[in-house]
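Each chain gets a letter, A, B, C and D, in the order it is written, and its residues are counted from 1.
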Amino acid sequence: MDKPFAITLDVGTSRANKTGAWRTERPVYTDRLSPCNGACPARENVQSWLYDAEEGELGYERAWRTIMRTNPFPAVMGRVCYHPCEDACNRGQLDEAVGINSVERFLGDEAIQRGWRVAVEAEPTGKRILVVGAGPSGLSAAYHLTLLGHSVTIHEAGPMPGGMMRYGIPRYRLPREVLDAEVARILDLGVTLNLDTKVTDLTATMTEGGYDAAFLAVGAQLSGRAYVPAGAAARVLEAVSLLHELEQGRRPLLGRRVAVYGGGNTAVDVARTAKRLGATDALVIYRRNRDRMPAHEDEVREAAEEGVLFKWLSTVAHVDAAGVTVERMELDDSGYPRPTGEFEQLPADSLVLAVGQDSDLSAVEGVAGIEIENGAVRVDRSMMTGHPGVFAGGDVVPDQRSVTVGIGHGLKAAGAIHAWLGAGSPATEEPAAPADFGTLNTWYYTDAERVHRALLETVRRRSTFDEVVQGLDRSNALFEARRCLSCGHCFSCDNCFSVCPDNAVVKLDQPGAPYLIDLDYCKGCGLCVSECPSGAIQMVPEDI
Amino acid sequence: MLKVRVHGRGGQGAVTAAALLSHAAFAEGRHAQAFPTFGSERTGAPVVAFCRIDDEPIRIHEPISEPDALIVQDATLLHQVNVFDGLRPEGYVLLNSSRTLDELGVAEVRTGRRPDRLLTVPATAYARRYLGQPRPNAALLGGFAALTGAVSLGSVLDAIRERFPGPVGEANAKAARDAFDDVAQHRRQLADA
Amino acid sequence: MLSQIEGSLAVARSVMRCRPEVVAAYPISPQTHIVEGLADLVRTGELSPCEYLMVESEFGAMSACIGASAAGARAYTATASQGLLFMAEALYNASGLGLPVVMTVANRAIGAPINIWNDHSDAMSQRDSGWVQLYAESNQEAVDLHIQAFRLAEQLSVPVMVCMDGFILTHAVERVEIPEQAEVDRFLPPFTPRQLLDPAHPQTIGAMVGPEAFTEVKYLMHAKQMEALDQIPAIAGEFEASFGRAAGGLVRGHRIEDADTVVVALGSVLGTIEDVVDSMRADGVRIGALGIKSFRPWPAEEVREALAGAGRVVVVEKAFAVGAGGIVGQNVRLALSGTAPVVFDVVAGLGGRAITRASLRGLFEDVLADRVVPDRLHFLDLNTELVERELDRSRRGLIGAHAERMLRDLGTAGAGPY
Amino acid sequence: MPFPEVKFYQVGTFAAGNRLLDPDRRSVQTRSDRANSITSGHRACQGCGEVLGARYVLDAAMRATGGNVVAVNATGCLEVFSTPYPESSWQIPWVHSLFGNAPAVASGVAAALRAKNRPDTRVVAQAGDGGTVDIGLGCLSGMFERDDDVLFVCYDNEGYMNTGVQRSGSTPPAARTANTKPVGSEPGNVFGQGKSVPLIAMAHEIPYVATATVAELHDLEYKVEKAMSMRGARYLHVLVPCPLGWGSASRDTIRVARLAKETGVFPVFEAEFGVVTAVSRIRRRVPVEQYLQLQRRFAHLFGDHPRPDVVARIQAGADRNISRFGLLAGPEDATEPSGN
């Protein structure tokens, strides 16, 4: 058609006009550190495995394997972890945190049920490594070291593996078959476990066994010392030994009225256990108030539901057959408890002391270079003690004491040992910028209330050791996974592709790299950044 | 060339009359040009329309100031506008009225003119008779054919029937025919006198 | 078919024969009978396929034609006077886009004071709108010009205005030959647009053009109108050949061969002028008339050639440029620049004032007797007494040489009718 | 009913799409094969809301009609930045005529298509607020009243931005423009002026009238698709923030539009044959300050000499919208706009 000059044009010809020249800033796709990942002591990539789990059936196994890259205990974690990830979860500021822990448990149970396993793919390194202690930290280290191709032997002083997972956490919170399944999965990788084998002299054991490195993870199995004036015939027990006995099938005599002294999770566990052993009264005595109590709020709440009573702001002044005398305390401005001189008599058949635990460090006493400070072994950033080749983790090093922390130490130490053996370099990646709430555009997330796991009815909780917290089913696990905001990570919502006024976002449809900015046309308006739900794009200045 | 001027009031159909006349002439193979005084006159206001009839093509486009013939649809106009303005000495006048020129008080128009060309005809009465409505156009044209012979009654009747098909046309045709006879007879009387 | 028919209805039938696919119009006297006629023809299905759009204004009417034409439809509208002015913006757009819309302008004066009667102020006000302007001197020619207009418009992709005098022609019942459909179809091929809104071949129509190309676009518009100067006579010739009668063209002379006085005019007044010319010829006066059929494009050469032999040229026109003079007159002067003839500008028939043979003859005789000052604007049949009185009343506002001269003119003009 | 919520718990309803969502439930804009009716290289300002609106609307219309759209464009920013010779950003048939005649030109195109018996080719006319609510209103009303088969889209950026940000009939009260400066006792645009063309359109009882913003893509596309499924005169009024004229950051264009709806300042609703049939409810209601403070055109209401009284009047206007259209309640509670 002989169209008129100038007034009639061919379509799409403006692509010759490269408007990218206007730009002073450019958008760049980026990965920020999701709060959940940042908060996880076990270094799990939570956002990543939730992303996999969002796909449902197709993604569950991939999600589980993502967890297993850092943590060999998904089913256990899904029960006993106090999930700092959920405290950090950005969704908490929107409606309620994503039930990460419950999804993890779902995945862990799926794995056990379906018999998912991991395999050692690394070539054998020929290196022998001694792990002392088959607790969370030791088993975690053993797992990772084995996957790295090393040959690992664990010496465990006790008769069963699991450490605090077994002796510190009652079965109503962690059914033993779950624990056993996940421990077995580690041992099946080829880890040698020697039970009832207490290491008394680490260096000696290493020389005898020809070990190239060792990881000390004996935990904190000794009850903490607390002086309580006790009259004759007073029945006073220690929490740790009590739980140990219980685990070995014995039923310690506690009487009908049990007082527990302490504010940690152990104290609460003991009280709840006492209830299950038939105590009519279970009373937790703590010197500060509930806000300052170290025990996890879920535990305290569940305990209260089960009838456990709490006596706040009280210290035990004296105990005898009649009961416990407590002195009422008050908090000073710094929140530290101060005696008031007011006393009160509480009837009690027994008093259980749960005032902290200490580590049995006899194995390393006198080992050259190893420093011990307030009952803990000093380690450097790579978890290595002052003695080259000897690493330590879990409750024996100065850090928070929790199963999750221990597992994290195991992972970190394994990497460090691997590096120290010259088989790799210690992980030193720059931590990404945090994906805090402000970087998100939460408008785009559909409203969705969290699903909570059901609890066993309290009657049964008072009388049996059945698991209290129930799991998610397939549908609500998927729902919960999909509540994840994928903070700091692109999840291919196509917003950037859609909101670009200059059609300067190219959709690649490739996993991992879904989009590309066409700098020929991008004017740098920043709309893609503002409208990215998960804050996975940022503007960076052009060098002009 | 015959130049006709039609006087009427808005709504009486002066323009239609001029047009019908031109159609009648056209039917006889002659050239005719009918046109109104273009305006926005409203019902009741005095209006004028024109018609030229010739054997040659008509190329001029000016109003008719010296008509050869006048058709006056409404006698009440006589005392409102000078309908006879510019009327040629040998000109024709056909006035719609049941009364005579004398009765209408315009006898002086006869001076210097042929009385048998200056007639009244009760066109409205004929219209009422056949149409039941005071529409004098058809009757006036019938009368005009008789008065001037410029067009034949047949052509007039054809033009009327073409413009108003069906019974209305027939009724108009009857009125035209009666008016034709009326005027023809009237002329003979005056001619004989 | 030969019929005794009102000009407007004849044009409506002629337009129907041209098979427009979209007619958009807004009523304004004296154009109404044309579009009423077309509305009927569309309703009865005699004109089909065709969409008749009752738009909300003349601006809308022309805009709808622009859209229809851009979509490849043959588009037509009609208007007059204020309506044409209300269209003005869209007129320039249609011509700028090169859309072959055809429009009838039933010429009428422009207010204020409001006046519904005929003159050429409306069309003349749009003489530079880029539209071709053809003027009809009779209803027969109006009918024939529309058929030629569509042909010309679509051949050159340029909009064409057919101007016919309001009331004088539109409302006159005359003998007109309305061509048969088959004849018109032979003469006017189907519309093949130069640009088209078509999803199958998308185009961007109506781009914004800056200083770098605007001059060229306008130059090409001008070139197109110059091309029309060749096409118009060619098409008129072809028309005469196939329809057996002459119509249109650029100019038409009447007894100008040996005339030393030639009257130039356009539109329906030509017939009256020719009548006067013939009567004066009968008295031995060497006078002739030149009809301008195409005012845009302006046939400068043809006019120059036609008037070459004349000593006096009297331009009688129905519009003028207030504060300047005659419009056609200025164009004639331009065509004659550097040649002998003296040009007289006479404004006549403003707002429907009748142009009578008597007045015209008086004017021509005065011109022949040198009683008329050349190179100055004259008003035919001006009521000099009245305007003098009015000027007197506001004499304070009239001082200075120009004003004084105007008054002197009135003094002399007082003698004559102009 | 407005765009039905997708119960996909991550971003099903509001974001353009999601890798896990059935492609048909994703926005047209998420498709690699979208029409890109207006493509790269145009001269629109950074973060221009109008070009975004135009691509959203026309791509949706193209999809709804299988690529059978003809566009008519009024004079304005959109036309100027998309077609400076020798380059055009349009990829669909497009024509520009004048400022005030887009509706009539579209009527002509529609008439031509009818005459040519091409019912599958559909006409979309588009103009800014100037070309719609002011200079084009006469033609628009005519197009409505003839019920011509045209979808007319107004991209409302609330002022004459192309000519340097002057007041239009849809400039909101108190807004600063080049000819309503923030001086005098009533700083910015005066109250009680301007008009709602959606309501005027409804008064014509045309088949479909809807409002939308560039912030809710699914809602916008749903309305275009619905409009294209109907015949006759349809009107879509899309709020498109203008970073230049509003003094908002280019990255905030969509955010500002979202707030206009969430404050109630810009009611988003649908009407059929003159009756409101659905409203998009406010999801997270916010006071007008949050909307106003993102725009320098309202800066004079805050700053050193704050005008809480004026802000209160703007809030009152938003509250009127909320109660009039039932923006917080269910659609069935929407009270009829007066005049219908």
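The rule is short, and it goes like this: a residue touches a chain if its C-beta (ideal position, glycine included) is under 8 Å from a C-beta of that chain, and two chains touch if they have at least 3 such contacts.
If you're wondering where the values come from, they're calculated on a predicted model, not measured in any experiment.
Distance from chain B peaks, on a Cα-centroid basis, for A. C-beta contact counts were set side by side for A-D and A-C; A-D has more. Note: centroid distance chain A to chain D, computed from Cα atoms, is 50 Å. Averaging Cα coordinates per chain places chain A and chain C 92 Å apart.
Per-chain CA centroids place chain B at a distance of 66 Å from chain D.
With each centre defined as the average position of its C-alpha atoms, the distance from chain A to chain B rounds to 114 Å.
Looking at chain D, residues 83, 85-86, 88, 90-92, 94 sit in touch with two or more other chains. Those residues of chain C in touch with two or more other chains are numbered 97, 196, 201-207, 209, 213. Chains touching one another form the pairs A-C, A-D, B-C, C-D.
For chain C in complex with chain D, the touching residues are 21-22, 24, 49-51, 53-57, 59-61, 63-73, 75, 89-90, 93, 97, 196-199, 201-210, 212-213. Contact residues of chain A toward chain C in the complex are 1-11.
Residue ranges of chain C in contact with chain B, taken from their complex: 3-4, 6, 29-30, 116-118, 138, 165-169, 171-175, 268-272, 274-275, 352, 354-357. Of all the residues in chain D, the ones that touch chain A in their complex are 5-20, 26-27, 29-30, 32, 36, 39-44, 46-49, 51-52, 55, 82-83, 85-92, 94, 217, 243, 249-255, 258, 284.
On chain C, the positions that touch chain A within their shared complex are 96-98, 157, 193-196, 201-207, 209, 213, 216-217, 220.
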